[in-house]
Structures are given as C-alpha cells and as structure tokens.
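These notes open a run of structures that come right after.
You will see chain A twice below: alongside chain B first, and alongside chain C after that.
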Partner chain A sequence: MWKTTFRRIIMLIPQLIGVTLLIFILAEFMPGDAFSGRFVEDPTIGSEREEELRELHGLNDPWHIRYTRWVGDMLSGDFGLSLVHRRPVLEMVAERIGNTLLLSIVSIVIIYSFALPLGIIAGKNWDKPSEKIISFYNFVQMSIPTVVFAIVLQWFFGIILGILPLRGSIDVRVVNGTFFEIWGSRLQHVILPALSISLLSGVSVIRFLSNEINEQRHLDYTVTARAKGLSMDKVYRNHIFRNSMLPIAATSGSLIAGLFSGVLIIENIFTFQGMGQLFFTSVSQRDWPIVNFLVVFYSILTMAGFLISDIMLTIFDPRIRIK
Partner chain B sequence: MKNRALSIKKLSVSFKMNGQYYKAVDNIDLDIMENEVFAIVGESGCGKSATAMSILRLHNENYTKIEGEINFGGKDLVSISEHGLNKIKGKEIGMIFQDPLSALNPLHRIGKQIEEMFVIHTNLNSLDRKNRALELLEDVGIPNPEIAYNSFPHELSGGMRQRIIIAIALSLSPSLLIADEPTTALDVTIQAQILDLMRDLKEKSKASVILITHDLGVVAEMADRVAVMYAGQIVELANVDEIFENPKHPYTKSLLSSIPRKSKSTNRLNTIFGSVPDLMNMPRDGCRFSSRIPWINEKEHEENPKLQEIEPNHFVRCSCYKNFHFQDSSIEKVKEKE
Partner chain C sequence: MKIERIPNFWDLSWAEIKKDKFAFVSFFMLIAVLIFSFVIPMFIDEGYTTRIILGQLNQSPQQFGRLGTDEGGRDMINMLFLGARNTFTIAFAVTILSLFIGYTIGLFSSYYGSYYDFIAVRVADFFIMVPTLMVIVVLITLSPNYGMWQFIVIMTSFIWTGGLLSIRPRVLQESAKDYVQASKTLGTPNYKIIFKKIFPNILSYMMVGTIISLAGNIGLETALTVIGFGLPIGTPSLGQLISRAMNPVVLANRLWQWVPAAFLVFLMTICIYGVGQAVSRAANPKQRR
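This part shows the complex of A and B:
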C-alpha cells in the first residue's frame, strides 16, 4: 500500500508543473498588467515612468524568466503583495482560510452523514416506496441551481423562521467575546452556507451508493454469502456495504474538489468572509498576486482530494495495491 | 432401499417479468438418495440452475415465486422461515458455484471467507477456526495453505479459487452438496482435477451431490442418476448407464449426438434445430420439445405428456420417443456402426 501511495505522490510533481504553467500562460493572455491604467488619473506619472516601473519590476523580462521567478518565489514562501491592499498575500489568505476550512469541513460532515444513510436505505429498498421517495428528492434537489437553493434557505431560515443569520461569518458583537460566544456564532453562521453546498453535493453520493448497493446485491459473491447461511442483514453489513463504498471512495476526491468551487459561489451569496469571497473580489479588482496564489492553492487542494481518494481506494480494494 | 436425502415435490419456480410471473421450472418431482450423485443436465435456459437455486431460495425474492415442496431432513425448505433456512444453508447443504472468481468476495482474504462458515454456524474460537480453515485448504489440495489463507481471491488462479469454493462448501461436512456447473468456467485440465477432487471428497464425506451441468462428459464421469431437463420439465430420468446406452427421449438423443466423437465416419456434428424458447414464449401445452423436431409428425406427440416409467427406473416424457428419427439420417447410421 505504501508503495502505491508513494508512487502516486511522485506523480503529483509533473501535475504541479503543468498546473502552474497553465495558470501563468492564462494570466499572460489577459490584457494589461499591474500598471496598465493605474496612473491615468495621476498626471505626475507619465508613460515613461510607467515603462520604468515595468522594467524595475521585471515585467518586461521574457516569459520563462518571469515564470521561474514566480515559481521560485513561491517555493521560498514569498507569495508577493496584494496590488490593491499592499499587504502580503499570505497574510490576507491566512485571515480567511479558517472560515473556508470550517465551511468545507462542516459541509463534508453534513454530506456524508445524510447521504450515506439515505443511499443505503434506497439501495436496500430498490423499487420500493422508500427508494422512490429518495429518488424523487434527488431529482428535485438536482434540478435546483445552487444560487436559488441558497436564497430559498436564506428566506426560510433567516426571514420566515428568523433563527439563523442571513449573511456574514460571525456576529460583530461577539468578536471580542468568550470562546463559546465566538464559536457559537461562527457555527450559527456556517450552517446555512454549508447546507446549501452539501445538500446539493450529497445527491451524487446518494445516487452512486444506492445504485452500487443494488448492483452488488445481485453479484455472485452475495449469493455465496447467502448460501453460507448469513442473514440478509449480515450479508449487507459484512459484504455489500464495504464493496459498495468503492465508488464512494473513488468519487470522494472530485466531490471534495467540487466542494471548493461550490464554496466560491456560496461564500459570495452569504458574504461569508472566506477565501472564495476573497477570490471573487480579487478577480474583479485584478489583484493578480492573490488570484494566482488562490488558483494554485485550489489546484493543489484538488490534487490532494484526488490523492486522498486514491489512497482510500487502495485501503478498501486489495486489487489495486502494488506488490 | 436407500433413504432419501432430498425430496422435491411438484416444484415450480416462476420469475416476474414485465409484471407477470413465468414458470422457469414447471412442476417437477425429484428424489435425491443418500450418498448418490444426481446430475441434472440440459441446455442453458432449461431450468436446471433455477431448480438448484430454489433449494436454498437463493433467487432474488422480489422477483421469484417458488411453489411446491422441498423436503430435507423433515423440513420443507419452501415454507420454512428465513431464520430456519439460514441454519441449514451452508451447514447441512453446501453449495458450489459456477464462476469461482465472482463467487468470492474480492475484498476479503481467503481465510476470512472460509472462517465465515465457522463464525456463522459454530462457536469455535479464532485459533480453532484458523486451524480448521488451514486443514480444509490442505484437504482440497492447495499446495501452500498458509499463503492461500492470507491471499485475496484475485491473487489465485481459477482452479485454486474453485478449490477454495469447494473448501467453503465442505467446511461443515454438509450431507448434501449442490454443485451448479462447477467446472464450466475452468479449462479442461483443471476441470479434470476439480472433478477428481470432488469425487474423492464425496467418497470421504458420504454426502449426496446434486450436479448441475450441461457437460455430458462430466455426467458420465460423476453421476449415478441423471435427469434431463428441457423447458422447465424433466423429460427423461434414469441411471447414468441407461442414459448413455439406451437414451429414449428425442432431446436426450439429440444432446448425445451433439458430442464430438473420435470416429472418422462422420464429418459434420449434429446440432439441435432451433434453440430453447425463452421464458416468455415457452410453450405451455403439449410436448415442449416438438418445436425443435418439426419433421416429426404432430400425431406422435401426446396432448398432455407426463413422465412415464417405460422400463424399471427409466422415466420418459411424451410418446414421441417411440418413432423418433434424426432429420439427417447419416447420424443414425453412424450410431449403428458404432
């Protein structure tokens, strides 16, 4: 198992090079740079001075030199300054990463804690009323765009019931409060965005799991297990469930990766002070150092997601281990 | 007179298709004696596997209806509770499956899959379970039991896996063994080994065996008595020698004439006209085989054919056997020469 994992990690290196190159090239294609249009309203700085500044910051160097400089700086931990706020990128991201992590973890917990049981119930009761109801729920949930669903949640829990905050990541009044006050408020704020992400993402988990259980139930090894004298409950528990988890493990990587892109939109709807919101405002302000950093960061997270799902697969499935 | 190990009475097995039930096994009666190997032969789709699977009710229950009686050890397996049946499954009736790769759970080690039998049916502690599992692996001729014990199914060859399946089936010395096409998925040399093994183990354990196969070679090697099934019915039932030397029913004759022989007097192998009708289009009246021997006059068939004892212990269905001849007369001639 360790061999498989090690080989898999080694394979990340070319992937990383590819991703950073791609990001760099895409940024290259975008019109303008950090200085274009910046000094239009400042008559004291002419186009000559602008050109000097370009030279000074190395923006006129050939692309491969700028690329290696960028990657080299990142490797040495220097991610540059935000062009808008004149503060280190790392510092700005660090302020937000906690919120995004909290949102993502809560979402993952919600996804698996409601989708796995529902998937199992639907899989066990294939073609019966309970499966039909769950499938119908899946269908409805799948047809609602994230944005609409989030707004409906806001309206219902925030306005009609008035029990959960509409936006933000913490109540400003408790920022200097006790530990419990702070975390209570944070959790309260995270529920709605987490629900909007996870109820939608959970649909695929329910679908995969119930299909798989229904399929596994008809395979020969299940018949063997029944012929051994196991009750159907135990056939499910000892055989079918574990085998049905394989596709869940395999798709967990893309699920987690998809979660981050979901977070981008959701954080904006809820003005949740996380990395997604930072990303959005940075793009609209053309704050490239932050945007580039975040894109690289998300790419690494995505790769890590797939790595984790691959490792989980090798744990679950002996057939793909390398000896 | 030997005792009956299993007695099947008026068994019908129906499968639900498009909301309607169709009988795949139609009203069959069978007695399996103690310590005998009873073979059920026929083409695919004739109901032989459906019969075997219904003994332990292994079909998908949502789509299957089993009617009739299956008496085993004083109990009726058709009407017994799920719980009661689970105590018999594996312990008193062992089952060997066709495809040794898919019949084992790919994610569990071999040892665990064998020991599961002891976990279900005995109170052995883990050390005893392991020792018994290793013994079993040795009994079925696995060269390195310790290695096999810790292997996953995909790490073993097809023949080895089939030995594991046999080890699992025999782990609690059942009095009846159901082997559903045990050699079909194996290549010929391995087939012979597995058949030898099954025969040895059967001699040792004194178990009765129900052998489901479409391979008449396997029947000749293993069986004491044979039932030939066609379209959900038994069409001929006799001792193995009788079936091979004195076949009566046109279907049995056709099957036998379809085996390649070494004799050079014939170039073409006989084939049986047409194919087994599928479940939804199966003829339900008259002689079901008539559509595959259309050159035989309608009048030769009975209107409502029943299994009849034409000689002691030799049963045949439908009178069409009396004047049956092959369409291609050269087959008869070859047979006569032999």
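This part shows the complex of A and C:
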C-alpha cells in the first residue's frame, strides 16, 4: 500500500510542474510587478531607479531563471507580498482559511448525513413509492443551477422567514463577544452557504448509491447469501452496503475537489469571508501574488483530493492496485 | 416477405420521449422557449432597450405593465428575451465547440491507442487537476477587448476534456470488438472504420453527453456572470438579470427584477434534463424500466 501511495505522489510531480508553468505563463501577461507604482509618492525616486531595482532583483532575467526562483521561493515558504495591501500573502490567506474550512466541513457533513440514508432507502425500495419520491426530488434538485438555488435559499430563509443572515461570515456586533456568541453567529452564517453547496452535491451521491444497491441486490452473491438462510437485513448490512460504498468512497475525492469550486462561487454570493471571496476580490483588484498563490494552493488541494480517494479505494478494495 | 427497418437511435429516442409524458412536454417547451428567445429579439430594438430611461426607474409590473422595469428604467420583458438569446447562444456555442473538439480527439486517440491515448489522457488529467474556474476567471480579466466570443473561446479551452474522457471507455470497448478487427484485416482504412463503424455505434452516448453538458453550460454562464466575471457589462444575459438579486433590496422588494430570469434558467435546465433522461434511456437499454 505504501508503495502505491508513493508511486501516486511521484506521478503528481509532473502535474504540479504543469500547473505552476501555466500560472507562470499567465503571470507574464499580468500587468505590473513588485515595483510598479510603489514610488509614486516619492518624486526623488525616478523611473531610472525603479528600473535599477528591477535589474537588481532579477526581474529582467530570462524566464526559466525567474520560474525556478519563483518555485524555489514557494518551496521555502516565501509567497510574496500582496500588491494592494503590502502584507504577506500567507498572512492574508491564513485569515480566511478557517472560514473556508468550516464551510467545507459543514457541507461535507450535511452531504453525507442526508445523501447516504436517502440513497440507501431508494436503493432498497426500488420501484416503490419512496424511491419514486426520492428520484423526483433528485431530478428537481439536479436541475437547479447553483446560483439560482443559493439566491432562492437566501430569499426564503433570509427574507420571507427572516431567521438566517443573508451574507457575511460573522455578525460584526459579536466579534468581541464570548466564545458561545462568536461560534453561534459563525454557525448561523455558515448554514445557508453550506446548504446550497451540499444539497446540490448530494444529488450524485444519492444517485450512485441507489443504483449501486439496486444492482447488487440481483447479483449471485446476494442470492447465495439468501439461500443459505441469511435474513435480508443481514445481507444488506454485511454484503450489499459494503460493496455499494466502494464507488462512493472512490468518488469522494472528486466530490470534495468539486466542492472547492462550488465553495468559490457560493462564498462570493454570500460574501462569506473565505478564500474564494479573497480570490475574486484579488482578481478584481489585480492583486496577482494572492491570485497566483491561491491557484497553486487549490490545484494542490484538488490533487490531494484525488490522491486520498485513490488511497481509500486501495484500502477498501484490495483488488485494485496501481501498477 | 417484407423486411422491417431496424429502428435507429433517433427512432428509439423519439419513442422514449413520446412514452414519457414529462419528457414529451419538456421537449416541446424547450423548442418553444428556444424559438421565442431567438425570434422575438429580432423585433426588439436592442439599443433602445439597453438604454437608461430616467422617467421609469424600478417600476413594478402593476405600475408599468408587462414585467416592470429595472433600476435603469429598462423594460424587463425585452431584457429577458435579449438575455435568454445571449445565454443560450453562449451555452450552445460552448457545448458544440468543446464537445466537437473533445469527441474528435477522443475518437482518434482512443482508437489508435498506445501513446496517442496515453498523451490524451495525461492532458485531460492535467485539466482536471487545474482549478478550472479560477483560471477561467483570471483569463477573463486578462483578455483584452473582452466580449462574447472571447468568453466562448476561454470556456471551451478548459472544458473540452470532459468530452474526451466521457467517450474514451466506449471507443476502447468498441475498437476491441471482432468486427473492427475483421474490417482491419480486410484492409478498410482507419478513418473509415472510425467514421462509418465506431462513430454510429457510440453516437447515442455522445448525444446524451451533449444534452447534459448543455444544461451544465447554461448554469456555468449564469454562475460566472452572477459573481461578476461573465459577459461584459452592457450585454444582457440571464446571469446578469439574476445577479440583481445580489442586492438585498432587490432580493426582498423587487421580485419582478430577478424571479423571471431565475425561473427561465430553471425551466430550461429541467426541460433539458427531462429530454436527456428519455434520450439516455434510448441509448442505454439497461435503464429502461
């Protein structure tokens, strides 16, 4: 197992190089660098001095030297300064990462806590009314685009019922409050964005699981288990669920990876102070160091998601080994 | 003896659509909405509609008639038709372009196998790992004189790999079958095998993929425009009409400014999926109940 894991990690290296190269090429087209506009307030520093500084810091070097230096800086933990805020990129991201993590974790918990039971019920009662209802719900849910769903949720819970906050990630009035006040407000703010992400992502889980259970019910091993006198409940518990969970485990990585891009859009709609919101504000302010860092960061997260689902597959299903 | 024609994929799809009431209604609704949103804008003066008219800001349907006006005094119903036309144009263009590229590369690379296949899969894998949405947004901000066609090209260049990966297993399966081997032995040129033999056999899967990705692309345009990185300002689109709801005042009090567009997007997606389900039953006999 360690061998396959190690091999998978080695296989990720060319992909990482590809992603960083892509971002580097994009960065070439981004206007401005660390010195442009920095000395506007000081008239004694002319454009000659600016050019001199560029030469001194190696901004005029050929591209491969600058690329390796950029990657080397990132590997040693230096991600540069934000062009707009003049603060380390890492510090600005660190402020936001907690909120995004909270949103992602709550979403994942909601996805699996409603999608797994629904999928199992639908799979067990194939062609019965309960399955028809769940399929219908699934179909409608699948047809609602993310933004429309988020906005309808905002309108219903935030305005018609008026019980949940429309936007933001914490109430400004409780920032200096007690522990319970802060966390109460944070959870209140996280519910709507988490709901809009998780209800939509849950659709594929319900579908997959119910189809899988329905298929497994008619396989030979189920018939054998029944023939030797096992009750249907036990067959479900000991055989069918175990096998049907495999594809769920396998797709969990890509589900979580897909979740990240969903989080990007949802955070922006709810102005939830997470990394996605930081990304979009940075893009509109042309704050490229933050943008570059976040793109690299998200690619690594996506790769990690796929890696984890591969590893999980090898744990659950010993037949699969990557050669 | 009279030889009956074997029903092809189109006959089967039509039979499935007719059998499923929901798909049947969806099919005609879809065609109606498409005709309306491409024909009616021809009779709308686009320059006049998108202009700000100060005398009639934010009038409700009761005050103004029809669907009311927006914060610039523009007639909402005309904006809705123009927006629908632009959104659907983009969705169709992106779907057809990206799937044409993805399917063509997928057909050839998977048929020839060995290192063609290897390279194609590596490239597709790479695009999966890239945070597509982020790179699309960066490209949109960087591209000079940005407009509808730039938007289509940028979206296409990042989602074409979906088509490739979706048909690859089918093409591999089909290429390994005996009849393909027999054709090869008889000396049939490869391009003929691909277009005359493999392509018709996987056409049904391609159609299902096309329908599903059309719905996805309508959603993607809406999402990108709502967060402010879609079409340039001044080009009405459904996403832009929905994005008005980001303003809490509009969300709460001026329902007529965002509900019609949101509903139209929902209606289109649900109809597309309704037809898609029937077509996928025609393509895959296992799904028929």
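Worth pointing out:
As a convention for this text, the second predicted complex is superposed on the first by the 287 of 323 C-alpha atoms of A that agree within 3 Å, B and C clash if a C-alpha of one lies under 4 Å from a C-alpha of the other, contacts with A are read in each partner's own complex, and residues count from 1 in each chain.
FYI, a residue touches a chain if its C-beta (ideal position, glycine included) is under 8 Å from a C-beta of that chain, and two chains touch if they have at least 3 such contacts.
Just so it is clear, the model here is predicted, and its values are computed rather than measured.
With chain A as the common reference for superposition, the partners chain B and chain C occupy compatible, non-clashing space. Of the two partner chains placed by the overlay, only chain C lies in contact with A:L264; chain B stays clear of it. If you count the residues of chain A touched by chain B and by chain C, you find the higher number for C.
Once the two complexes are laid over each other on the shared chain, residue contacts for A:I315 go to neither chain B nor chain C. Looking at the shared chain after the overlay, A:K228 reaches chain B, while chain C stays out of its contact range. In the superposed model, A:D127 makes contact with both chain B and chain C.
Once the two complexes are laid over each other on the shared chain, residue contacts for A:H239 go to chain B alone; chain C is not touched.
The minimum CA-CA separation between chain B and chain C in the overlaid arrangement is 8 Å, rounded to the whole angstrom. Chain A residues in contact with chain B (one complex) as well as with chain C (other complex) are 127. Note for the complex: chain B touches chain A at residues 53, 56, 58, 60, 62, 82-83, 86-91, 94-95, 97-99, 102-108, 116-117, 120-121, 152, 154, 165, 168. Residues 15, 18-19, 22, 26, 29-30, 127, 139-140, 142-148, 151-152, 154-155, 158-159, 166-167, 260-261, 264-265, 268-269, 279-280, 283-284, 286, 291, 294-295, 298-299, 302-303, 306 of chain A are the ones that touch chain C when the two sit in their complex.
Chain C makes touch with chain A in their complex at residues 125-126, 128-135, 137-139, 141-142, 215, 218-219, 222-223, 226-229, 239, 242, 245-246, 248, 251-252, 258, 262, 265-266, 269-270, 273, 277, 289. Of all residues in chain A, only 127, 217-221, 223-232, 238-239, 242-243, 316-319 touch chain B in the complex they form.
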